[in-house]
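Each of the two complexes below includes chain A, the first together with chain B, the second together with chain C.
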Partner chain A sequence: MSPRIRTVVYLFSAVLTFGVLMYASGGLPPFGAFSGPYTDFVLQIGTLERSVYNIPTAVNFDFRGFDTLGEEFIFFTSVAGVLFLFSAVKAETQQHAEPMESERARGQSGAIRWFPIGLTAFIAALGMDLAAHGQLTPGGGFQGGAVFGGGLACIYLALGLPAFVHAVKKETMDFLEALGAFSFGALGMAALFIAGAFLQNIMPLGQTGATVSGGTIYFLSCAVFVEIACGFAVLMLVFLKQTQQTEEDEG
Partner chain B sequence: MSLLQIVLYLLVAVFGAAVVFSKRPVNQLFVYTTFGMLLALLFFVLHAPDVALSEIAVGTLAVPIMVLVTLMKTSRKT
Partner chain C sequence: MSGWTLYFPYAVAFWLFVIGCFGITQSRNLIHTVLCLTVVQSSTYMLLLSVDFHAKAGAPIFGSTNPPGSASVDPILHALTLTDIVVGATVTALMLALTIQIHRRRGTIDPQRLRPMSE
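Up next, the complex of A and B:
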């Protein structure tokens, strides 16, 4: 295909797509005025029937809990896939895998080494706070877990890879991640046997506004927090180990 | 639509295009991270703080770490 014909084909399809999109956006409801009945319905019953102030959390872990189960297992399967791929890479480069003390960590001043450790504690606390109050304020298991797992990266930034490997035990993280995913499914199955519907809210709802409230929502959120936090930690561990091998290959 | 929302929509559009038009992957990563932060701000301004938190964690932390390590791994000996 000559460049001339390509340009003509591109211009034709670009104008066509633009026209269709403009026509379609003319039929949209005005900005901020979506009139689906689901929104009003969920906003009404979320607090009344589930004792939850933050409605997105109620949707994630109760009304559409089954979707979240799918998402948790997408994450779980992705982490398992990454671990599987990198275990194959590790076997190839086994002779390079000797742990090496980080030169960078030894050359740093005390402040640079220890400030990020305090930061890690702060970010980890923030992650737990987000997860523990998911039913009251914005946040929840996924957000809290991602923040917590990400905060662990500060250990690597401050003390280098050996400290990170030491702090984030791979076997423990693997186990906890699987336990989090299992707990989500197990709570759902328990509801199936006790109440007759998968992931039905079977636990006492507690007082609206209390730290532990919302019944099953709170515990599902905790299970997701454990799974996501440990999954992120394992992901960072295997990825950062790759940088070590790269340095050794070059050196 | 408030002025803040309009400004953020425009910034997201500009940075989204900038991500596509960045040539070097390392530069692209940093433009992408900025784009992620702006997107999170937009979500926040549009009253979706839950989505904003997820976007901050994934867009400015998980993706950059994986892409940076991949770039380190693939660009050696060149």
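Up next, the complex of A and C:
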């Protein structure tokens, strides 16, 4: 298909799609007017019955906890998928020798090398803070895990790939990621046997506003934090190793 | 707010969808294609968040200024948007991994030069 025909086909279908969608949006409640009974219900009982202030966290890990189990396994399987895609290559091209000190780490001033190290500690602490207070303030396991994983990237920026590979052990990260995913399911199953329903709250709720409160929600959030943080670490590790391999292939 | 502003956020969401598709059709680089897909996906965030907005309501995170039970935007759609973002990130990771594989096997990541499997 030539670029011109492609553009014409695109324009035709884009105008059509946009028009149909705009027409359909006339059936949606006007902006700012939507109100559902489910929403009011959750807002009313969220704090009373689950003793959390952050209602989206309560929705994620309690009211719709089963959905989050699915979401968590989507993440898990896609990390596994990336690992699988790259492991096929490894078998083909034979492992290269130990990676040399990367270009990035050479010829940098001390400030550039050491500033990100301090930043790593700061961002990692921020990630843990977000996850640990997910039931009180904006944040939660997913957000905290993503921030923590981003903090680990600073190790690479500062010290290059060998240091990153050394600091972030793939086996450990794989294990912790699986452990996080497992604990989520295990907590759900435990609730099934103790309380009779999957992912029902089985922990003491604690005092509303305390660091550890919200019952099962807090522990599910922590499990997700471990899984997401380690999943991001594994993803970065395999992608960064690919860059090394490609450079070697070309050089 | 009245008239066209009542549906403007929906229009922004649909525009993001359409313009992201434009990027995909015109793409000459698979990494660019993946980024365009994230633009398409961000239209779903826009749609979800504009559906859940309430005039004169706060965030669904309670505290001293907005005690539990006070007017708040819809927390369900916030949670769904979070799910959306997580799934989006994993899709991006998987697509980029596929892009690396394609580059390794076919020597190009220009989708217009990639012909159906022929080797």
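The criterion applied here is as follows: the second predicted complex is superposed on the first by the 227 of 251 C-alpha atoms of A that agree within 3 Å, B and C clash if a C-alpha of one lies under 4 Å from a C-alpha of the other, contacts with A are read in each partner's own complex, and residues count from 1 in each chain.
Criterion: a contact is a pair of C-beta atoms (placed from the backbone, for glycine too) under 8 Å apart; a residue touches a chain by one contact, two chains touch by 3 or more.
Computed from a prediction, not measured in an experiment: that's the story for all the values here.
In the superposition on chain A, A:109 makes contact with neither chain B nor chain C. Judged by the touch definition given at the top, the superposed model places A:17 against chain C, while chain B stays out of reach. Contacts of A:7 after superposition: chain C is touched, whereas chain B is not reached. Of the two partner chains placed by superposition, only chain C is touched by A:74; chain B is not. Of the two partners chain B and chain C, more residues of chain A are touched by C. Once the two complexes are laid over each other on the shared chain, residue contacts for A:138 go to chain B and to chain C alike. In the superposition on chain A, A:26 makes contact with chain C only, not with chain B.
Once the two complexes are overlaid on the shared chain, A:85 sits against chain C while remaining clear of chain B.
In the superposition on chain A, the residues of chain A touched by chain B in one structure and by chain C in the other are 31-32, 54, 56, 138, 140, 142-143, 146, 235, 239, 242, 246, 249.
Within the complex, the chain A residues that touch chain C are 3, 6-7, 9-10, 14, 17-18, 21-22, 25-26, 28-36, 38-39, 42-44, 46-48, 53-56, 58-60, 64, 67-68, 71, 74-75, 78-79, 81-82, 85-86, 88-89, 137-138, 140, 142-143, 146, 228, 235, 238-239, 242, 246, 249. In the complex of the two chains, the chain B residues touching chain A come out as 1, 48-50, 52-54, 57-58, 61-62, 65-66, 69, 72-73, 76-77. Considering their complex, residues 1, 5-11, 14-15, 17-18, 21-22, 25-26, 50-55, 59-63, 68-69, 72, 74-76, 78-79, 82-83, 85-87, 89-91, 93-94, 96-98, 100-101, 103-104, 112 of chain C touch chain A.
Taken in their complex, chain A has these residues touching chain B: 31-32, 54, 56-57, 130, 138-140, 142-143, 146-147, 150, 153, 232, 235-236, 239-240, 242-243, 246, 249-250.
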